[in-house]
Amino acid sequence: MNLHEYQSKLRFAEYGIPILRGKTATTPDAAYEIANELGGTVVVKAQVLVGGRGKAGGVKLAKSADEAKQHAEAILGMNIKGLTVRRVLIDPAADIAKEIYLGITNDRAAGRAVMMASSEGGVEIEVVARENPQALIRVHIDPFLGLRDYQARTLAIGIGLPREHWRAFGKIAHSLYECYVGNDALLAEINPLVITGDNELLALDGKMSIDDNALDRHPDIAEMRDTDAEAAAETEARKAGLSYVKLDGQIGCMVNGAGLAMATMDITKLYGGDEVGPANFLDIGGGAKAETVAAALRIILADPNVKSVLFNIFGGITRGDEVARGILQALDEVKTDVPMVIRLVGTNAEEGRAIIDSANIANLSSAASLTEAAKKAVELAKGAM
Amino acid sequence: MNLHEYQSKLRFAEYGIPILRGKTATTPDAAYEIANELGGTVVVKAQVLVGGRGKAGGVKLAKSADEAKQHAEAILGMNIKGLTVRRVLIDPAADIAKEIYLGITNDRAAGRAVMMASSEGGVEIEVVARENPQALIRVHIDPFLGLRDYQARTLAIGIGLPREHWRAFGKIAHSLYECYVGNDALLAEINPLVITGDNELLALDGKMSIDDNALDRHPDIAEMRDTDAEAAAETEARKAGLSYVKLDGQIGCMVNGAGLAMATMDITKLYGGDEVGPANFLDIGGGAKAETVAAALRIILADPNVKSVLFNIFGGITRGDEVARGILQALDEVKTDVPMVIRLVGTNAEEGRAIIDSANIANLSSAASLTEAAKKAVELAKGAM
Amino acid sequence: MAILADSNTRLIVQGITGGEGSFHTQQMVEYAPETIVGGVTPGKGGEWVHGKPVFDTVEAAVDATGANASVIFVPGRFAADAIYEAVDAGIGLIVCITEHIPVHDMMRVYDYIKDTDSRLVGPNCPGLLTPGQAKIGIMPGYIATPGYVGVVSKSGTLTYEVVYALTNEGMGQTTCIGIGGDPIIGTNFVDVLQMFEDDPQTEKVVLIGEIGGRAEVDAADFIKANMTKPVAAFIAGKSAPEGTRMGHAGAIVEGGEGTAAEKIEALEEAGVRVASNPEEIPALLK
Amino acid sequence: MAILADSNTRLIVQGITGGEGSFHTQQMVEYAPETIVGGVTPGKGGEWVHGKPVFDTVEAAVDATGANASVIFVPGRFAADAIYEAVDAGIGLIVCITEHIPVHDMMRVYDYIKDTDSRLVGPNCPGLLTPGQAKIGIMPGYIATPGYVGVVSKSGTLTYEVVYALTNEGMGQTTCIGIGGDPIIGTNFVDVLQMFEDDPQTEKVVLIGEIGGRAEVDAADFIKANMTKPVAAFIAGKSAPEGTRMGHAGAIVEGGEGTAAEKIEALEEAGVRVASNPEEIPALLK
């Protein structure tokens, strides 16, 4: 789960990282009030869970409260990469002498957290890593020891930070580490971390991503989830315990298991070529209970692009006949004319296919192999276009 | 630094360990008020930093506030193994069904903390360890992982605790561990941990010892030091940065280094036999600066038993002539007639001895070896008796 | 021969009295009764589940049964503790089926276990299957048959798909192992590839990967440098868009890294035959 | 030959710009100039102390000088961090002179270092001296002379006393090492006895212990089981009363355990000649 800039920065502040004390507004009038209260030049920043808001016009400097209101008016409701801006952050404008980068995430290969710093702040870290890898200094952190002073120093030295800033930088690095651990974050990033004209260090922009698997020990964070930033279908899927991602194609895929769901998507794309492809990723998890299948089917069919549906269920321990009955029961609840192909594997898979076939549902057919099922679903989708 | 029972139990309570909510009194009248407020039967317990107060009559049951006052009157001012009782704890009387032991300390050989439990509560753990070692269950704790649930369970199983108490016991074990770590304790012990008639677990008595080396990160604990419980000389020595322990003998020893100080004590005892022996342990630390030597000398001479003083200074890096001058300067400040022997080693030790000898101080002589010096000090002490 | 588990394995089930644990214990007992020696659920010591004794601690189970392997079915918030307990009791092979363990918990587990003699497989994995000998975890037994192909995978049902396809083509397996798709796992592709390379019975190897991370690229490097046995592979997620997590906690392409394309390229460059459809795998191994 | 340090040692001083660090650096440089290659003080990188370069981190010092040993003079609250830094930089021998390190800090350090290739000596110890070759720490160089006796001790000045007595009797030393008297130390008697037993130059060994703990009893068990070379010993604190701490953080007889009497008994039972006066030691070795 990703946090907005203002949410991330408030978390940072709780751990002692210096931030600008701006406020957020959801209306232009509120933006005016905040800018007025802050006085001087302010920055109006779209709070939206996607990169590149600056280029999209979502960040504007305002010399007066009136100007702040105008900018808020323009930014609120703006669509940035498919997401609507519903909130702006009004921060005092900072006097920036130098921008650096400081972030922490988990390094899968090392099995540890890695803290990274770069003297090139304000640039996306992936870009630095790709184009100027030696400018990116990394230290791996022992999860039991935590960040050591000497590691913070190694980062400061590595990015050529003047000695006078080591102490302040070290404090921020420690705070960021504590913030990362304390919030079960997958990523905590200050970008840019600026040195101001007064030689103070300041977190100007921030980003945090929280481990969904740890949200039950952070109920306060779980409450911050911005469902506006999710497709409605994803919200619904999450509530039903399903893992769903909407894609651009025409073939609705319902699969058990994430790897198999991806493979199923890939194969519809393989056989669909440029014409048709997967409409979604959807993992219904273990088994295939009627209510889960029904919820998944409703979500898939809510997508108007969907022209055919492909069920790919590898029963595992479950018996094929049971799965077949679960699917029929779900189809009984969710009526649809969209053509569907079902491919069942598992103990008693043949019995399962027999049950499907004997149910004589006009728009539902079965297939023996994944390849056959995918080809059928592709044909059906093309036929319905 | 050892904490009193009431101090230890308040720490326990901060970490969620259930205790009786008694209060302490330093006067019989205050004891009456507390007993009256608590109502019912109470226990009046001497707060004194030494074991065996029960046998000494320092713990008494009182059925009324009047009786509590009488007991407080008897206990306050009582001398228990050389320490005067200045405070009593008035606790409600507990309904005890069963007493167990739970404690944690550091195990030098393992380099780790060891948590110990025994079904024989109320008995000194050393006695259990000696006489019934299989009744003492131990788990060693990884300092980075902390106590694991399964370890608390292992203790509960090992002491035969009924299953219904595992959960409560586990919580107390975790709390005790956190209390031990959080307070930089060397020892944290609940003895007895009782199961009440209502099947509740309760820490009836508690003991904590805090690492002196960590007191600067626990200023609240450092303030709790009970200087009443120290000999005045020990308090003074501690303030002067000296390590001093009063003993029963006649030869004041002033030595640099703890091991050498003990060895010097041992040798005076070796040559003094049953007649004379060391009056103290005293480590003046590195070097021999005049002000340190003067402070040490004042402390040694304040003991009326002291009949001779033995300086044993192994100069290490320091030069012998410098040490000699430091000692003469100190003797100039602290005038005394007690006979003294000085044994100096180090670069320029002979020059040092020459300086001592040429100062012509009537009651100060020098010796070349430790053996010679100890024998001299023994003779001088015998002569002065 | 096989890797990690065979008919001599002495397995305990941590969380044996829970719903999942009990169900899969039954499956495992049916598959290879002698290999299952007991289970652990705190507070349930002395009970019996599917004919196997339950203990209060792993240590007690090890003392009584001589267990040398453990499979973990306890809920996410207790899983790390269950792993520590198994390690401290000297269990050599620990297979953690539990999903949804937080990454920070796993970073600590990973660090703790690396200096011990225990091997962790998973978490969030289907476990492993040595056909005809041992079943540790939730992989359905009927999909596999004894033979000479080693299978290693990040996935669950996709693994079954491939194993089933191999079995249907008459290509039996030495051991099938699901290592899990989480960002931090105890045993990675390279570890298992080394074991298959060293296992005299394994003749060919199948690797099933997916988007996210660089484990498949590391595997390709290892294969190129160290493997003599032929390897076929499938990488799931070719059609997945960047920046979107696909179910598995680890399956996400971040900052252009971890794409299926780069993994496939690395594997092909290492001489691995990469299928575009998992059902092609048996043909690629022939 | 010698143990732990010789003329090939490349030593850095952590805390080289501090009062203690600077003073003892001078002493060490005077004793064996080639063995001291630099120092570390954060924020002072680029300076020079007694002709040796100062670095901001241990890693930078190792990169520039090839250091393989470090001696730590930083204040107590920074000492654990200094040890971790030295370990992480791959320093093989870390000698911590610093005293007053809290036990809880040391329990973590002890646990961390045991799975690494680094050896810690100390803390709260005088360090070690290989006469004529290397001096790491604060032991005065003039008290020792090259020879064939290995000396290991929990103490500081008491060690000097014994070494000085040996030197005065013409009995030179291979290496003199103070392991420190704290409850948790990196290197114990048994570790050093093993090294002396393995060192071809060491012919005889002196062990200097004191009350508290059971390290001397463990040493006696080790000597009985494994040592062929003669050992003489002195145990300080015979006259110390029970339950009172004697200076050293570890020197306390608790619950009747750790008395001088039981240690002396165990050592004598192991064939060690135990002196009742440290000045007797040379005679016992003859």
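Order of writing sets the chain letters: A, B, C and D. Residues in each chain are counted from 1.
Heads up, the rule we're going with is that a residue touches a chain if its C-beta (ideal position, glycine included) is under 8 Å from a C-beta of that chain, and two chains touch if they have at least 3 such contacts.
Values in this document were obtained by computation on a predicted structure and should not be read as measured data.
With centres computed as the average of Cα coordinates, no chain lies farther from chain B than A. For the pairs B-D and B-C, the larger set of C-beta contacts lies at B-D.
Chain centres here are Cα means. That of chain C falls 48 Å from that of chain D.
The geometric centre of chain B is 27 Å away from that of chain D, both derived from CA atoms. With each centre defined as the average position of its C-alpha atoms, the distance from chain A to chain D rounds to 55 Å. In chain D, the residues that reach two or more other chains under the touch definition are 108, 112. The multi-chain contact residues of chain B, meaning those touching 2 or more other chains, are 142, 144-145. Partner chain A is touched in their complex by these residues of chain D: 42-43, 45, 56-60, 78, 81, 84-85, 88, 108, 112. By the touch rule above, chain A contacts chain C in their complex via residues 106, 108-109, 111-113, 124-126, 129-130, 142-144, 181, 184, 186, 211-214, 216-217, 243, 245, 247, 255-263, 265-270, 277-278, 281, 283, 314-317, 345-347, 369-371. Residues of chain B touching chain C in their complex: 142, 144-145, 148-150, 153-154, 157, 163, 166. Within the complex, the chain D residues that touch chain B are 23-24, 27, 76-77, 100-105, 107-108, 110-112, 114, 138-140, 142, 153-161, 164, 181, 183-184, 208, 210-211, 213-215, 218, 234, 236-241, 244-251, 254-257, 260, 276-279.
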